[in-house]
Each structure stands twice: as C-alpha cells, then as structure tokens.
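So, here come the structures, one by one.
Both of the next two complexes hold subunit A, though its partner changes from subunit B to subunit C.
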Partner chain A sequence: MENNNNNYDVVIVGSGIAGSIVAKLLTNAGKKVLMLEAGLAAGIAMDQEANYKNYQDYLSTFYNASAKVPNSPYPNIKDAPSIDVLDIKKTPSTEGYLVQMGPIAFASDCTRAPGGTTLHWLGTTLRMLPNDFKMKSKYGVAVDWPIKYEDMNRYYEMAENEIGVSGNVKDQNYPIEQKSVFNKDYVYPMKVIPISYLDKVMTDIIDKNSKIILNDKAYKLYCISTPQGRNSIPNYDYDINGVAWNPGTKKLDITRNRFKEGYNPVGSNWDPYTGQRCEGNASCVPICPVQAKYNALKTLRKCDMGNLSVKTQAVASKLLINETSNWINGVEYKTYIKGSSPEYETHTAKATIYVMAASAIENAKLLLASGAANSSDQVGRNLMDHMTVLRWGLAKEPLYPYRGPGSTTNIPTFRDGEFRKDHAAWILPLDNWGWAWPTFSPGSDVTTAVSEGIFGKELRDRIENRVTRQFFTHFECEQTPDPNNRVTINPEYKDNIGNYRPVIHYNATEYMLKAFEASGVVSEQFFDQCGIEDFTEYNPQDPDYVTYKGKGYSFAGAGHIVGTHRMGFNKQDSVVDSDMRTWDHENLFLVGCGNMPTLGTSNPTLTMSALTFKAAEAILKQLEQ
Partner chain B sequence: MEPISTSKLFLEASAVFTGFSKTELKATGMLQSYHNTILKNTNKEDIDYFFIDLNQLLTDPKQDAKSIKHILTTQFMPISAYGSLAQNMIILWYTGNWGNDVISSASYIQGLMWDTIHAHPPGAKQPGYGSWSDLPLSVKQSTVKSSPNGK
Partner chain C sequence: MENNFFQKNNPNRQKLIKPLTDLDTPQEIANSIALDSLTDSDIPQEIANSIALEGNIPQLKDLPLQFKMSQKDVKNYIKDLKHLQACLRTALQLELSTIPPYLCGLYTIKDGSNVEAAALIRSVVVEEMLHMVLVSNILNAITDPKSIKKGEKLFNVKDIIPNYPTFLPGDIHPEVPPGAPPFKVHLLKFSKEALEEFSTIERPSDPNAPITKTFDSIGQFYEAIRYGLLRINKKTPGGIFKGDPKRQITPEHYYGSGGKITKVTNYEEAEEAIGEIVGQGEGIDGTIVTDHVMFGENIEYAHYFKFQEISYGRMYSANDTNFQMPVRSVPTGRPFTVSWSSVYNMKANPKMKDYKNNPELLQKAIEFNKVYVTLLNNINDAVSGDPDLLIKGIAVMYDLKYKAIELLNIPLGNGECAGPTFEYVEL
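Moving on to the complex of A and B:
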C-alpha cells in the first residue's frame, strides 16, 4: 500500500493518549495510519534536537507566564484554540473557545497540541472500582456500563504498562466488598513513588482520629498511596513486556518476559537517560521539565514510523457520510499556515476505518457538525467532570508543602458505599502544593503581607511560618450523567477558520449539591480532628458558585472531560457499543473519555486508555475480517 | 539634590527590606537585572529621594535598630511613599515579578519565597528523587545548628 496515495487503513484524528495508543498498536500490527493533529508542527518533532528545543520553549513560556495555569506552557493557536481555565467566567459567556450558556460554567480545560492534554495532566492512575460499572443496578443511579470490571482487568494491565505506573498494589485498600481488584500476584511496573513528608505527618494524625459522622453513619478516614504515571524504581517482580496483536486469535496479547528483568522506565523524548526517575520538580501540572511524568508523545514514538504519516496543523472539521451505506467516506480537514491568520486550505483524508480521538468535547462537536452517529440523540449529552470542592487550612506544625508530585496519597473512604444512592461519591487526595490552587500561594501570601507593611526579617519569618503549614485537599465528586449537561453547536459561533465552537449547557444536579453539602460536614470534622484551622472561603463572585440549603460552595473542574458520546447496550441508549464502534457507522470508532457512561471516583485517563486498547483490538479484528 | 549612585545602595536597601543577607541576595545573580527593573519602572524623582533618604537614615548615628524600623515602616513601606518602591522591590525579590509581569525565567527561578518556605520554584532547582519524602534539607541543617525555628 502507498502512503502518499490516500490509501490508509485508518485515519486517526488527534495525537493525545487515545489517538497515540491506537496508532502504536495499529502501525506495529502492520497497518497504515494517517494521523491528523490540530496542533503546531513543532510539537511533534521526533528528532532529538528539535524535540528538545521545542520542549525548552514550552518550559521557558511556563517560567515567564504570570498565571501558571495548566495551558500556560503551550501555544494557544487562534486557528485551533484550546479550552482554557482562564476563560471561565460567570455565564452566559462567549470568552475563549467554549460558548458557555450556563446556568453555571463548565470548569475544565484541555490542550490542543501534539501529545494532547497529557502534556499537563497530573498523572494519577487509579482504576475504577467494580461498583462504578453498575451504578444503576447497585444504587439505582445513572446507568450501568455494558462492560464489567472483570472484563476490564486485562486492559487495565495493558494501560498500566503503556503509561508506566508506579505504585504499590498492597496499599490499594478500597471501601469495597472485594479483597482486591487486581489479579493474583500482580504488581505495578514501578515501585510506589515515595509519599511526601506532609503525607506522613497527616497519615499519622488521621490514623489516630476517631470516626466521622455523616448522615448518622460513622466512617473511618484512612490514607493510601496513589498510583501514578511517573517514573520511579523498576519493580523486578513485574514481568509484562508489552502488548502485541495476535493475528491468529484476533486478540491483543500481553507479552511477558521469561526472566524477571523488570520494567524499563521510559525517559524523556529527547534523551532516554533524562527523566528515568521523578526528580521532584513539583510542576507536573503544567509541565514536567524532565518528562519523568508520562505524556502521549512517549507512546507515539513507539509507533512503527514506516506505517505512520502525521499531518499537523490539520484541524478536522467534518466527517463525510456515504448516504446509501451510511459508512464514513472521509474526514474533511483544514490546514492553517500560521495559526493566527484566517487563511486555510481544505482537504479530505480517506481510509477504511476512522477513529476520532480529539477528546470528549471536540469529538462530540465534530459529530454534531457532521450529523454523524446521533440516531440515539445522545451525542454531546451527559457531559461530566469531577466537580471539585476545594478545602484549605493551616496545620499546627509545618508540613513543608510545595515539594514533590502534586499528590502522593489519597483518602478513599468515600469512593464507594450505600450513600451513593443519595449523593455523589468522591475521592479526597492530600495535596502537596499548599494553597497554590485555591489562593495562588505563595505569591499571594507575599503580596498580602507586604501590603500590610511587613518587611525584612519579620516578613521572612511570617512567610516561612504560615506557608510551611498550608494544608490543602479537594473533594473530587463524581458527577453523574444528565442529558441536559451537553455540547451543542450553533452557526452563530464559529472560530477563526470557520469551525464550530462548542456551545455548553451545564448545571449541578441535586445529587451533586448534596455531595457538596456532605463534603462540608466531613471536612469540618476532619479539619477539627487534625487541628487544622479552616481558611476555606467561597466567594459568590466565583464563576462556579452554587448554593444549597442556604450555604454557598464554589467548585472547580478537575480536567476530567467525560461522557459526551456514551457507550451503551444498544443503538437507542448510546452512541457507541462496547468496542467503541459507533452504532450508526460501522467504520467509525470513537476513543477517549467521551465513551465513559459514568465517571467513578478515579481520574479517568487510565480507564479510558484501557478502553482504547479494547477499541484497537476491535479495529484490528475488523480490518482483518 | 546631589545625584547619587543607587547601585550600591540598591543592595543595601534590598537586604533591609527583604530580610535576606547581602550574600544571599548576590548569590541569586539577579542584582543587576532587578536594579535595572526598578530604574526602568519607577519615576526618577521617587528613586532619587528614596535612596537619599534611606542612606541618610541608615548612616545616621542617632538612630538605633528600633527607631530605624519605625521610620522604615511609617516613611518607606506605605504605598504612597516613593511610588511604592519599597513594596514593589520586596515583591520583585520574593516572587520575581514586577506587578503581574514575570521579569525573566531567571527571576522566576530565583524568587526568594521558595527558599523562605524551604521549597524550590516549581519546574526548576529540583531536589531529586524522593527528597519530598523527608524534611527539607534547609530545615534539617538548621536543626543541626539548633536554630530557634529548627524542628
């Protein structure tokens, strides 16, 4: 087959982790792949020097950014804008890429650059829990998945291998019936990332605390280490070597080392010896300077490059549908030259199978713009995130935050339980970066003290004394699907090169508000027992300020954009089947968090990656039929 | 008014207002750059009077530490004094910013607030694998020297 002849087996839209996993598996199985990527060409450079230079540009942009938000290191391209947290305003608002109709603003962002949002993700890689897959039958809430946890296990192992997860399986003690969710003798590729000093102090205190009362029930808070996609010391008991397509069985095989050689940490994209271990830069969001943290370009590099063509600055705008067969005929895309001018050229990419991996909001928007895959009327609906309630206070003793990865320990107590019949579950990570998120500390502590006229030794002492005692945690509440939380399009709202901008309708249901209320009840007792003086403040002027039973809460987004093209049991209830093939178009697959029917209390990317392995398996099977 | 060389006084003033020693300040390598920053962004008259008055105060044999502190607080720290130079100078040293603007990559990395809290600027000066699991080195060292705030 000719690469330059539009003769591809598969076109993939997007080079994030979802697109890159598909590209890696397919090209290594001998399939010809064309990848379309909206971001700038510089970001995809595969040779060492150009790759290094581009990444140093990102780093220096980050150093010089006054607001060091998740997208701050990466170029925001007018012709392919990124959703950005700096654009979140009271609704309705047309600021930024999203058009936010409200009543409240969707609060998370993502990155349009080669490698996608894993460039700035934190890297937490918890699995979902068994009950998360059956919320309807277990708790009468939301929907069940068409897949059970047990079906996911092998795909989770593939995803943990791809991302390179560090963690301790023995620590993973969850509030569930099962003793373990892992296969017998399973270990993570690398040993647990050392937990922070703060975690140690807090775990000691929390272990000694009495139970917490919520709605007349008693709960014991406890701490466990958090598995994460950043390099630590290889685990020599880990024997998985990789994942390969088996044309005989038409399945993906997990291949194993015969001898216990352990996992080889994947270093930076410009130098394999850089980033072999997490070095404690404490800047994982938005950028890991040494790439000890996983990003999707690490996966993309493992493609068989002879089978991969990548077109950058290529923004997919529409799927072309064959009206008789209902098969997808091509992807229309626009290539821009500069990124800032409205000039572009339109092209069509053709292949046997099409894979949309542009992340949840963009995938849904492209389907809507194409009139594709929507016979269920579910495209764009059920937009979800972890609605995140922040809590902060001052401990009695120094905890020495602002060191190490963003979070290394979590409290899993409220990840599962009967209370999910009434209100959302949540995970409660202990955060290592002080009040940086809620108050822009420590810079804001300095400006406040100085404005009070404090200077010299007294200033130095005050900053040391207060900032080293900052404690911060956040309740990541599982948002359940609501058909009215949705992405739509409107011809009134287009971007610089005439593509639709996503129009968002978003709200918090009572199920969520009750969880916010519960988070207040829990954190009050929790802080009190730990001797932490509460400094939490929710301002009615915050863009995402909501009230419930007379009390106000501000929530933030967690960056977990989920659920806009849900997977389900049949053509009527969902957009894709359990292989992530659209019910309406046999040769169109969707990958990414948009497929997830519910969210659980884990950060979604590990589960989404596991699903992406499953999708790639189905695509390979279909290609070889 | 006699024109005076502000560059020598700038180091002196920085030490007084930040609470860091002159050696610590010089070690950041930012002295020249910050001096230029204030010259560029502050009204000349404010700068001249600021340094003349400060010089006079610090060299006045009649003053003791307590009275100097009082005068610094009442005459130099208010935002209305010398175009807010004292406040701006402290924020510059601690954060690397002039107002909302980051002066340079180096100024971000050399922000004194990170040393103050026994940490390091996110994304730079990384202390190495597992270091976050232990007390900060600067705290451990101060314990050895049994300084008053050693833990």
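Moving on to the complex of A and C:
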C-alpha cells in the first residue's frame, strides 16, 4: 500500500484554481508535480472527446435539475462530498456534508471536482482596494495584512493574465483617495464585456437619482463596469503574454509580446475555438455552456504534462509529520473505488514540498485532522464570507433580465469609507437573474400563478409582465474575522470513507448586523428614488434570519469561503507567513482563500490567485535553494 | 509540442504563400503535349502505351487526369479593374457557396456524436465566413468611395445565393473520377459522399496536371486574382488601392477559428489576405515546409487536411509530413470515432418546392431561409461600412442552427427527413 518512491518535487492537494496555478508554474519550470484530486476522473479528461462528453453531462444534469443551485450540474460524491446550499437548515443541523453547530448556519458552498469551484464561480475579478489590506491601522477593525496593496500589484497582473480578465481600467472609479489602483497605462487583457440591457437601463436611472443619506452623511450611488474572467474582444494595447520562472533572479517574470498582438482568448477545454467570446448566456453560475468563462482546467491544461501526474478520486486524509524535524513527510490519501461505497485504499504521496490547495474549509479540516500547522491555534478560525443581504423589487418598465451574463455592473459607493469603523463595507452588484436567487423565479412565478387558477394566455401575459420587470441586487457585506467563527472536527462526524466532516460554528457580529441595517436604509432610498417597488421579504423561518434593533434580515452566502488559515506577521498570530509557508512546517505551503486575513469587498478568487503566484514564487525559490 | 507556424500571431505566417511564378513547369507542359490530341479525359489504352514508349514523356500511369488552366492564361485572366472587381464578387459567391454544404454536414450530426468531426467542420465554416470577409476587404480596398452610391451594398444577397446543386462559381472545375459527370456542389447529410465532396472543393491544384481552359482549384482562381491585382495596380497611375479604410473589417471583429483578418490597404496586404484564404483552404499550394512540424495539437492546417482526417477517422500526427500533391500519405495520429449512422438522414438538395404540399413544413423552411437571408444581410451591412455589425451576427448563427434542427426533426415519410434549403426569400 505504501508508495515510497520520492520522485516528486511537490505534491499538490486539489486541482482548483490555486492548485492548477501552482502546478502550471512548477511543471513549466521543470519541477515534477503530483496532484491529488478528490473528484471523479471523468472531470479531468484532457482529450477532446472525453472532455466534451463530461461537460455535456454537467450541462444536461443542470438542465434537468429542479433547483438550479451552484452545485446542481456537478456530481456530489458520497466519498468526497461537496457542500450544497440546499442543505442549509436552521442550526444545529447535520444535514448535508457540513455539521452546522450554529448559532446560525454558514451559508456558502464549494465544489469538490476537478477544476474546483471555478466550475461554478461567477467570474467577477475585482481587485481588493488598498485600505482593505490595512483595516486595523486605518479603521481599527480586524487585522492588517503582512502584504501591502503595492506589493500585490504585479501578482494581480499575473492573475489577470492567467484568468483572462475582460474589463475597462478607465471605468474603475472607486471611493478611495488614490486616483487609480493600476500601474500607469495598464489595460485588462480583453475589452469590457458588453453591459447587459438591464444594466444599461438601470445605470441611466441610478446616475440620475440615488442620493442616499446614511447616518447623516450623503452618498451618491454610481455604477461602474465589472471586470470579469470571461472572454471578450482582445485589447490590442495589452502586451503581457505570460509568467515564467527566472532561475537567475529567483523570481517570476511577467513576459511580454514583442508585437502588438493582443491577448489570445483561451477557448473551451474541448475545442479552442469554442468560447472565445462570452455569448451572453445568463447561466454563468452554475455553468457556462461554451466555457467562455474561465475555469481552472484551462490553467491545468497549460502544465508541462511531462512533469505532471494527476491522481483522481484520491482524497487527502492526513499529513504525516516528522517528529524530530517537524517537516511534512507525506500526504496520506484514500482512493475510493466507486464514489458511493465505503471501499477505499490508503496510499501515501511523498515529495520535497507539500501544497494544500483543497479550499479553505478542507485545508483547515486536514490540518486539524493531522495536528499540523496549528501552534498559533488559528487553524480553522476566522471563517468568513460575504454575508449577503438580498433585495428585490419590480420596475415600472421591463428590464429584461437574463440578457447577458450574470452581472456586468456594480455600485462601488460603499466599498470603502470612514463608516468601516462602525459597520461592514459592501459591494452592490446589479444582477441579471430576475428574482431567481431570492424566490427561485421564474419557476415560482408560474407555480404561484397556476395555483391561483391562471392558465393559457393570461398565464403567459402574467409571466411576461412580471419576469421582465424583476430587479434584484444584493449587498455583499465584508465579514470581519472572528475567532469563534470556525471549522472544527469531531470524531463523531465522519464521511463515507472515514474522513472528518467539517463542523462549523458561525455567527454574525454586531459589526455585520449594523451593515445589514445600513443596507436596509440604503436600499429603501435607492428603490424609492429609482421607481422600484420593493418586494423584499425576510422570513423568520429562513435558516439565516437574524434580527437587529427590532428588524429582521435574512442573509445568504456569497460562496466566498475565506480565512481559515490566515496569513500574518508572526507564528503567534497566524498560520502562514506572507509567502504562504506554514510557520510550523518549512516544507508545507497553503494556498487558497484560507490565507486571507480579511476579505474586502471584492470576490476573493482574483486576490487568492494573485497570492498563489506569490506562493509559487516562494516554492520555486525554496526548491532551488 | 510547441509549434506556432500557423498560429495567427506568427509574423512569418503570411509568407507561406508561394511567390507568383511566370512559367508552367516542364512537367505541366509535357503532360499537355502528351494529352494534346485527346478530347476525352478517358484515355484509350493504346494511346497511353504509345506515349509511354516515348523517351522523355512521363509514364501515363503517373499522369493525373486533372486539367488546369495554363500559367500564362492564369496570369492574363483578369482584363481590367472592372473585371477584377467582378472576379472578387465571384470569389465572394465562391466562398459563400461552400458554407451551406458544410453547414448541412455539421447540422446533420446528431448532438453528442462525431465530436471531433463536428469541431473540424465547424472551424472550416467559421473560416469560410472569414474568407468572405477577407474578399470583401480586398474588394473594398480597390473600390473608390466616390464610385459607391449612397446606401449601395457591397454585394446583392439575392444574386449571390447559389442554387444547389451548383458548379463552383468562377469556372472552377476540380478533377472527378473518369466517367463521372463534372463536379457540382450538393447539399448532403454528414456522410462519406459529403466528405468526398468537401475534399474535392478544397483540393489543391495538382502541380503536374495538364493544361485546359478552366481553373482546376480555388487556389488557381485566386492566383489569377493575385496576378490581376498586381498587374492592374502597377499599370494604373496612383494604383488601385483607393478604398475607404473605414470599410475594412479588422482583427477584433473576428474570432472562432485559427484564422486572422487582414486589413487591406495595399497590394502586399491583399496578397496576405489571399494567402490566408488559400492557405486555409487547401494548404500552402499543396506543399510542405519540411523544417516545420505541420500537424498536431493546436496547429492550424488546411481544410483539405481536416476533411481527410474525418474521412480516415484519424488526426494527422506531428510526424505526418508528406502532403505534397497528390496526397498519398494518410493521417497516422490519434484515431477518433466517426459514426456515419448518428446522423439525421437528410434528403439531398432539399428545396422549398419539395415542401409545397406540407404548409407547416414549408413555413419552417421559409423561417430558416429568413434567418439565412438575415445573416447574409448582416454580413453585407458589416462589409458595406458598418464593421461593428459583424459581431451581432453571432446570435443569428445560433438561430440558424436551431431552425435547421427543427427541419431535420421532421420526417418526410420515406425514411428521409427534411432539411434546410438555403434559398432566397424576401424578409
């Protein structure tokens, strides 16, 4: 059972975006990599036909699913379960994969499959803002990062190249002191994704109205285009063509084109000429039918395959620690046979360096199960998400949601400001999905109408009248780190093949509740001024219903699972250093959103990917010492 | 395997086109002499034997029975600027005439089967549309804006739509097997016959074919256009490239294949555009540049070879090198599944008049044709001074497919099913 040959330079656990970026950089620098992936072998097929077939399977599963939730297209494997938002119940609850101890339920999911959660991500790729990296020194809240925005800039450029971001730098007008957060003359790889019809109409309305008073201070709501990881028209002013390891300087170099060729959009994994442009399908979450949206398998395909071995259906279960050196000796993993039976084989993977890229919750769980990297007692703590308050209403005129991708515009007004001393900041994206998220529309509209005895032409008219006018937005509030929001393990709760299930403790602090309250104050004025009739309703029966100052709010998860193995200044305050190396084990690196000390108001994938480039640089440097 | 030889960003890529030559090869002339006395392509055995006895005349068994225009005639084919413009309009029709047969091949593949074949045909279709745009760029480049009436379009949609089965526009008559009727393009379901037809459309000129009065390949027709462009540009004071640059479609307006749009403002760029068209169609004059790997993952190669791959159910491999005409080597790369049965059994060359007794079916055929005409109008508007419109055609292309699939799902009662007719209708 033991596999003792130590031929690999690095073992990577997980084939999501973090694992794939590390694998790509390392294999192309000549390092031998073994990747362990818990999901099914079919999902990683590299040949055209098998890849196409597998993706079509995902699509047909999605089309047939009654609830089109983020994980609906992807197999949920008993032996390596995924978190599913449909399992979120009032706490305590052991339904689904997570054990939710409460007092309220953690509300986000992720995908355990080749390619990870990028299979169902929305693709929003906003950078974090400079102040997001210094919340403690600037606003006296949470913690500072050991990295400044200025240090991140070049890694952001690498990540934007890897993902293939479409956007307009000139639009990126944020409520901050700096004129721009970008390097001079920087442009995104591709031009901005065309703004959806709904966003065009709403931008006009919002720009004319929406002067908001919040806590006696005046704010102006304004709209900007959202940069996103889906293909658009290449920008011929963009000259970066990749990232390469420079063994001389021991750094990653951004390489540039000699000619003005522009970025070459990366098409689907089964046909390079499919998906070269976003075609405006609105099903970005959970699945882009043409793969115009980035997913991590696009990065994995760019590995030097001669240096990469991938083992699928291989669930990491424990890190083995050398007791004298405190170095990691190996990763024990269980290979399941069928996915549904409790049969498995145990193996050990060995290498010089180990990289955990299994998602914030899985990384934390594995470290806890192994007694690793936890001298700070921070492993599993500071679990965060964007606590998301949904708001929906009916416009007077049709807005025609679903024309274009999920979200092309956001209101950045409350992404930064002095108010962060008092309550959480948020981003307010305009959504292009009608009321699908809050009410499961349009299915629920039909069910309601039919139950009222409406049918035939009257039914069609009713649906057309309502669905076309549905407006929906959501306040993604930046959750701050709280040591009591945490992932733990308990021998009572194990999965089908004897691996720990994550046990979650979760709550909303007053800092968050104040933001919920503020979101109500803002959205009331916003909807009122823009002629949106408010239909928002929060039900005390909702699993994540909270009250504050006599008012009730339901929040949802944003799928942004962050913060379970934070990066910090020293081995007492954090799990990893600013190179994402664990303080406790010199040859163990953690990548993924778990490293982020705070969350900011941007969707975390871009920042996490940028950090992963930084981690890969440190890994290569360490390997070549 | 890293190879960027055909990649759109390779600055040397356009140089793949062969320089214009003055003379027919000695082999071509010899072949013509040998066959001069023949009126029938089916050469009697006794003549063959007698020619074979002559010393410096090639063995007849080696003689391909393909005829092509002599180099001298190709060179002088284009008479003047007007004729050149007319030939470019013919070239537009030529490119368009190939799209419906390829689309019939593509649409009749049932969802989920023949994945590789579908991807290959799809990329060819997208490139044929690119060729239409490239030809339009050349035509716009040599059209004096002063000569364009207000609202006048580059071409006439009604006139350009061919009536299938059709000869290839431009007096192009590819080789056919002995005894077979002259080559016409038919609308066929995905089948061996269709693939043979596709390969014939895209087959390169045989370097050794004897001389006749017509073109034997699309490549030869474009060669005549190149000569015409060069000669007329030279002898016209101030040149002929007086077109409005704003009517040019630029690279950002196009995607979905390995092709590249070239903006045309002078002869060199026109040659580059033709290089793209001919190179993608039949390969670089049917020859190989031996110091480069020609096949393999992520390498762009000509339509002719893509169709060969489908016919053989095998990709070319990086080691496949011999594609000198006439092509003898078969692809030896990764095999893939080709299923001739997972296909809609579409009636060949369907017509609206076939459906006249079935009003519902006729209506669907009309609806399909309306979308087809809309798409051509869209392309015509884009190349007539509104380049940004091109990208809006994408949604129409999806619609075209959906409407075709509706037709293919209607049985005709004899085991066959209906199909898209690609005819002109008023909108």
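Assume the second predicted complex is superposed on the first by the 618 of 625 C-alpha atoms of A that agree within 3 Å, B and C clash if a C-alpha of one lies under 4 Å from a C-alpha of the other, contacts with A are read in each partner's own complex, and residues count from 1 in each chain.
The definition used in the following text is that a residue touches a chain if its C-beta (ideal position, glycine included) is under 8 Å from a C-beta of that chain, and two chains touch if they have at least 3 such contacts.
Computed from a predicted model, the values in this text were never measured in an experiment.
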{"item": "Touched partner set for A:Glu279, first subunit B, second subunit C, both or neither", "value": "both"}
{"item": "Partner chain in contact with A:Ser325 - subunit B first, subunit C second, else both or neither", "value": "neither"}
{"item": "Contacts of A:Tyr402 with subunit B and subunit C, given as first, second, both or neither", "value": "first"}
{"item": "Subunit B versus subunit C as contact partner of A:Thr447, first or second or both or neither", "value": "first"}
{"item": "Which superposed partner A:Asn173 touches (first subunit B, second subunit C, both, neither)", "value": "neither"}
{"item": "If touched residues of subunit A are counted for subunit B and for subunit C, the larger one", "value": "B"}
{"item": "Touched partner set for A:Ser196, first subunit B, second subunit C, both or neither", "value": "first"}
{"item": "Touching partner for A:Lys53 - first (subunit B), second (subunit C), both, neither", "value": "second"}
{"item": "Residues of subunit A at both interfaces, subunit B in one complex, subunit C in the other", "value": "277, 279-280"}
{"item": "Residue ranges of subunit B in contact with subunit A within the complex", "value": "16-20, 69, 72-73, 77-79, 86-87, 90-91, 94-95, 97, 100-102, 104-105, 108-109, 113-114, 116-120, 122-124, 126-136, 139, 149, 151"}
{"item": "Subunit A-touching residues of subunit C, taken from the complex the two chains share", "value": "8-9, 11, 112, 115-116, 119, 122-123, 126, 251-252, 255-258, 298, 334, 336-337, 391, 394-395, 398"}
{"item": "Interface residues, subunit A side, partner subunit C - complex", "value": "47-49, 52-53, 56, 191, 233-234, 236, 257, 259, 261-262, 264-265, 270-274, 276-277, 279-280"}
{"item": "Residue numbers on subunit A that touch subunit B, as the complex places them", "value": "59-60, 62-66, 68, 194-197, 200, 232, 277-283, 287, 289-290, 397-398, 400-405, 408, 432-433, 442-443, 445-447, 450-451, 453, 455-461, 463-465, 467-468"}
